[in-house]
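In what comes next, chain A is part of two complexes: it sits with chain B in the first one and with chain C in the second one.
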Partner chain A sequence: MIRKTIKKEIKELFRDGRVRISIFIVLLLLGVAVWISSRQYQNTNQDYAAARLSEREVWDNQGEKNPHSAAHYGTYAFKPKYPLSLVDQGVDKYAGTSIFLEAHKRNEAQFSAATDQTGLSRFGDLTPDFILLFIMPLFIVLLGYNSFTKERELGTHSLLKSAGARGWKIVLGKWIALFLPVLAITTSLLLLAGIVLSNLPDYGVFQWSSLVAMGLVYLLYYAVFTNLVLWVSHWAKRSGISLVVSLSLWIVACLAAPKAASNIAEARHPYPTRQEFAANVLKDKEAGLDGHNPWNKEAKLLEEQVLAEHGVDSLHQLPFNFNAYRMQKGEEHEAEVYFKQYNYLKEQYQKQSGTYRSLALLSPFLPARFLSMGIAHTDYATHWDFSDAAENYRIATQKFLNDNTAQNTKYGERGYKASADFWKQLPAFDYDPPGLDKVLENNSSNLMILGMWTVLSFILLFISTKKI
Partner chain B sequence: MIITNNLTKKYGDFTALDQLELSVKEGDIYCLLGANGAGKTTTINLLLGFIQPTSGSAFINQLKVEENPLETKRFLAYIPENLMLYPSLSAVENLDYFSGIGGKSLNKSQLEGFLEEAGLQSGAFHKRIESFSKGMRQKVGIAIALAKDAKVLLLDEPTSGLDPKASNEFGHLLQKLRGKGVATLMATHDLFRAKEVATHIGIMKDGHLKQQFVASDISLSQLEKTYLETMDYKTLVS
Partner chain C sequence: MRSKWIQILIVILLLLFGFATYNGQQKTFKRQADIIEANAEIADADRDMLKLLDSVEQGFQVSASSWTIPNAPMAVGNYHPRLASMPPSDLSFLATGQSDMFTHFVKPTASGDDLALNFTEMTSPVQLLFGSFDIAFVVIFLLPLLIIAFSYDVLSSERESGSLRLLAAQPISLYKWLFQKLGLRFFWVAVIMTLSLTLVFLLNQVAIGSNFAAFMGFLAITLAYALFWFALAFAVNLWVGSSGKNAVALLGLWVVFVLLIPAVLNQLGGTLYPMPSRGLMINDMRAIKAEATQRQDEILDNYLRDHPEYAVNDTTQKRSFWHRYMASQQLVKKELEPILIRYERQLEKQQLLLNRFTWVSPAIVVQGSLNQMAGNGNKSYKSYREQVIAFAQEWRNHFLPMLYNNQEFRSENYAQLPKFTFQRPTYQSQSSALFVVLCSALIVLGIGALRFRIYSKKEQSLVNQ
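What follows is the complex of A and B.
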């Protein structure tokens, strides 16, 4: 019975001109979106590779130079575009691609793609995630809104009821028939993306397991929509009503809820303004050691402490250059200040994410969106992780440079220059994003909420349609 | 095959069907006559289990409908006044689906055989239903009953809107099913067709079964007279 219903529904769907046109449009959009994204992915990563190589060459070829001058001269940490960003670009466009690493200061990522675009970019880009997150649920609405109402409108409902068909079997048949085209399109898209990524220069680590995980997330998301659309169709008396209610659900779930969640999260847990943030950093910095200023209170305290530790009376008697040592201690203090202030931002981000998660109970879009971005490494969590990794590298670099000065000079000695080959000893910045296991672990609540949506919507559908 | 005992259906204070006692045996064609609102369709809906009785009970093949809603449907086929099928599917595909959900898995030649037996022209087997007339759709409905090997056939005004030829063909199909032992209950306004095909005739009014006859015991004119009298249309009779 289930197989017969699937066969019948599929035949009806594909003999309907509107459905054929819808499928053609979705496939065309997907093809174009994958092509555009793969071009962007290639171009960005070519730029990334060239910039990374060029910046390293500049660093390695500084010649003889004072290490602290090199620290101020700085270098860049570049964020690569990860393979699955081809499918879901997430917040990449707004998050910045490179961080300038210099002495005394933690900088934010800059050169985001959005800053290079005009106001027209507000209209958004045609990307696979746009199709997957917004268009596919709409496609489900268009395909399924009259699944049950047509039976009543055609008059086949009474014949179905009199045939002795079990309600759940008819519902399951209709469910599978509606889900099959969605499954076919999603699988085709992800397969296409996988083939494209497997054949492109691999700048990140492309793993089929991540692509499969992403596919499963989207399929769960579509299962929820399929359940809701069929439930509405069963409940509604006419196809027109079913279409309006299903479209309203789509608008609330995909358009209104994410924007409302964003506003609510921002209102409940606001980020400080840039001015406030800069003022807080400055205040904390001034309350501690300034590596450049040997006369401030903390520098004098450090001096006394170090002399006591080494049992000497003069800085000249120390086995290292105290100026460089103080500089390093100053760096460590500044790093603590930045970690504290950035941790506050991170806490706010975590609280905002928590608010989002609680509002995800209102829309399956939110957990699906977060999971998709997480798996694609294009979410804010990955950006924070990259930013922290860059900061740790900056701190390690400053220590590398200050230690060199401390070990190779005496207190009061000026004009020291490290040798030309010294710079090459600094390991290159290399960032590995969290693996799939870690991403799923971090997004366990999103997985749980999406799973809950799926289970509850199935229960709702099958309980309410027990009798056809 | 079909038995009702004191079958009653009330909607609030309104009694749609009042203590109906009916028995349709194997090979019988029982025609229920009556004006709109007499309780004919309510009787059929109760036998189908679409609505629940207020009191009394209905049996199909000795199974109580209320307690065995799915099991009783295995034995019956139903053709409503306006049999609607899936317009984008062909006659064969519709028959395949409806016999399939009734639990029968038939191959193409079997399906075509049932359509042929139901009197549908072979050229129409693979045409979409959207181009079918009502008479052709009724034939597909009969084919569904044949394919299902139904023991009971419930018909609700099946000949209304059919031209005389199609109505006549439909009557012949019912006779064919009668020969197979199918118990048929047909609600109709069509006295002529009822007299033509029925073995038994009942006249309903305001939810009551007022009169019952063996069809062969009464002429068409007597039937017409009795019907009009039962309906209180005495002025027209004279």
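What follows is the complex of A and C.
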């Protein structure tokens, strides 16, 4: 019975002109989107590699220079792009791509792509995730809104019943028939993406397991929509009403809820403004250790401590340059100030995530979006991770420079210049994003919410269609 | 039937407009509050600075770090900057535009370079990705869907229920009947929208009175946009056929006009006029700076040669770090200008391309128009950036003579410190945008009417479709 229903449904679907046209359009859009995305991905990666090389050369060829001047001259950490960003761009457009690493200051990532675009960029980009997240559910609505109502309107409802069909078998048949084209399109897209990515020169490590995980997330997302559309079709008395209600669900889930959620989250747990943040950092810095000023309280304490440790009573008698040593300690203390302030931001963001989770009750789009971004390493958490890694590298760089001064000069000595070969010894900045298992762990609540949506929508559909 | 859908429409519109306006106003109030607070902070800091300056001038020992003591002009220039702020316009709540991405107040310092001026605000990129639930969103995205829901089956439902034949027997032509029916629905939508918007604005303390021209402009373009969608419903009802097919056609058109065309146009802009790599710009910039640092003394000599008045005014001829640094900075700025201008040029070219093709989708036209009315579009932020950079130069130029003449900053110099006032671009009438949208609506109506012309002898075919 199920198989017969599937065959009948699929025949009807393909007989319908609107279905053939919709499938064609969706495939065309996907093709264009993947092509555009892969070109952009290659360009960005070439850019990244060139910038990284160039920046390292500039650093290595500083010639003879005082290490602290080099510290102020600084260096840059560039954010790499990962293979699955081809499928889901996530927040990459809005997060900066390079961080300036200098002494005494932690900087934010600069030059996000969005700031270099016109206002049109806020409408959205023609990328695979745009099609997968917005257009495919609409496609499901357009294909399935009259799945049950047409039986009633065409009069074939009584025919079905007289054939002795059990409720759930008919529903399952219709479900599979509706889901098959969606499954086919999604799998072929992901296969295509996988093939394209595994043939690109290896800029990032591409893993099929991540691609499969992403595929599963989208399939669950589509299953939820299939359930809801079929349920509405069964509940509605006319095709027109079914279409309007399903469409409203799509609008609320994909358009309205995310925007409302982001506004509410921002209103309840606002970020400080840039000026406020800078002022807070300054306040904390002044209360703490200051690398240059020898009159600061903590510096004095450090002085006494070190003198006691080495059993001498004057800084000149120490085997290393105390100024450089104190500067490093000051650097580490200031870094603590920044970590504290950035942690406050992270806390605010965690609270905002809580708001997104509660609004996920209205929208399966939200957990699916976060999961997809997480797996593609284009989410906010990855950006935080990269910023923190860059900061740790910055502190390590300062240590590298300050230690050199501490070892090679005496207290009070001025005009020391490190040799031209010194700079090459600094290890390069290397960043690896968290693996798939870590990502899934961090997003476990989103996974659970999406799972709940799937299970509950299945239950809703099959219970309400017990008697057709 | 009509009274029921009017009731639903009223409730839905009130909810949507209400939430959107409330949201928008909250953001506006926060922006104003932030600026007021920042100004208060500067006032406090200035008071402290004057006290400190007074102590120093009277010869007391002070406990501040030596390089922050305000009798040095660079100390004042760097540690006591002024606030360069862009206050929100009265209609800022209409469209978020770019206001969630950029900051609205900056404090340019004398030794900071313009590249270091960070105009982006600290926002969660997730919030930027999802966008805002503002009036622009309700009007551009949701209003057409409401219109489609209430008008996709006006003709087809009559046909499918069999009552079309009865209508066809009446003395009014079917085409005119459809036009009148949709026209009446448009009239009701227009009335309800105008009343609910006015009510919601008044409830949220929007200053309609002092911005009457802009408010009228907003209503006009919103109604024109609604007219466009009713025109599409008219054309689709005539051309397509069954309720199902009408729905698919109208939704497809919605996707095309509201989602696809903007995305494609954006893509086109980025492909035809791609932004040069910022990464490589950084490399160029650092190479120039490195070179300048090595040639600092030479650069300083050249600078002083160009400004002989400094040698005349100051007999001590003391030269410090700041003298060399500021001279190098001026040079670096000049050498970097062509590189930076490339970015502005590419963005301008993208914007020009967009301006040329914006008429293809009324959604884009309306968005641009609302952004401008709200003062949150690209134009406003570009103007703000330019004004801030000009002020930064003015601030710098205020201190350079004092620096190079080795003058001290005194308490009486405080009153002469430059101040920043944002010059808002004057309100531009949106009549060209209105014209474009109305034309699009008329063209679509024309396409609908074409069907009548083609089949006017065979009006029966409308009945039998």
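Everything that follows uses one rule, which is that the second predicted complex is superposed on the first by the 468 of 468 C-alpha atoms of A that agree within 3 Å, B and C clash if a C-alpha of one lies under 4 Å from a C-alpha of the other, contacts with A are read in each partner's own complex, and residues count from 1 in each chain.
In the analysis below, contacts are C-beta pairs under 8 Å (C-beta built on N, C-alpha and C of every residue); 3 or more make two chains touch, one makes a residue touch a chain.
Fair warning: this is a prediction, and the values are worked out from it, not measured in the lab.
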{"item": "Partner chain in contact with A:Thr397 - chain B first, chain C second, else both or neither", "value": "neither"}
{"item": "First, second, both or neither for A:Ser233, with chain B first and chain C second", "value": "neither"}
{"item": "Partner with the higher number of touched chain A residues, chain C or chain B", "value": "C"}
{"item": "Touching partner for A:Asn443 - first (chain B), second (chain C), both, neither", "value": "neither"}
{"item": "Contacts of A:Thr5 with chain B and chain C, given as first, second, both or neither", "value": "first"}
{"item": "Which superposed partner A:Leu160 touches (first chain B, second chain C, both, neither)", "value": "first"}
{"item": "Chain A residues within the chain C interface of the complex", "value": "17-18, 22, 25, 29, 36, 43, 47-48, 50-52, 54-55, 58, 62, 69, 73, 76, 78, 90-91, 93-98, 108, 110-126, 130, 134-135, 138, 142, 146, 239-240, 243-244, 247, 251, 255-256, 258-263, 265-267, 270-277, 279, 290, 292-293, 295, 345, 349, 352, 356, 379-380, 383"}
{"item": "List of chain C residues in touch with chain A within their complex", "value": "19, 23, 26, 30, 34, 38, 41, 63, 65, 97-98, 101-103, 105, 107, 118-133, 137, 141-142, 145, 149, 152-153, 157, 243-245, 247-248, 251-252, 255, 259-260, 262-267, 269-271, 274-275, 277-280, 282-283, 286-287, 289-290, 293, 343, 346-347, 350-351, 354, 363-364, 367-368, 371, 377-378"}
{"item": "Residues of chain B touching chain A in the complex", "value": "48, 50, 70-74, 76-78, 80, 82-89, 93, 96-98, 100-103, 144, 148, 154"}
{"item": "Residues on chain A engaged by chain B in the complex (per definition of touch)", "value": "1, 3-5, 7-8, 11-12, 15-16, 154-156, 158-166, 169-170"}
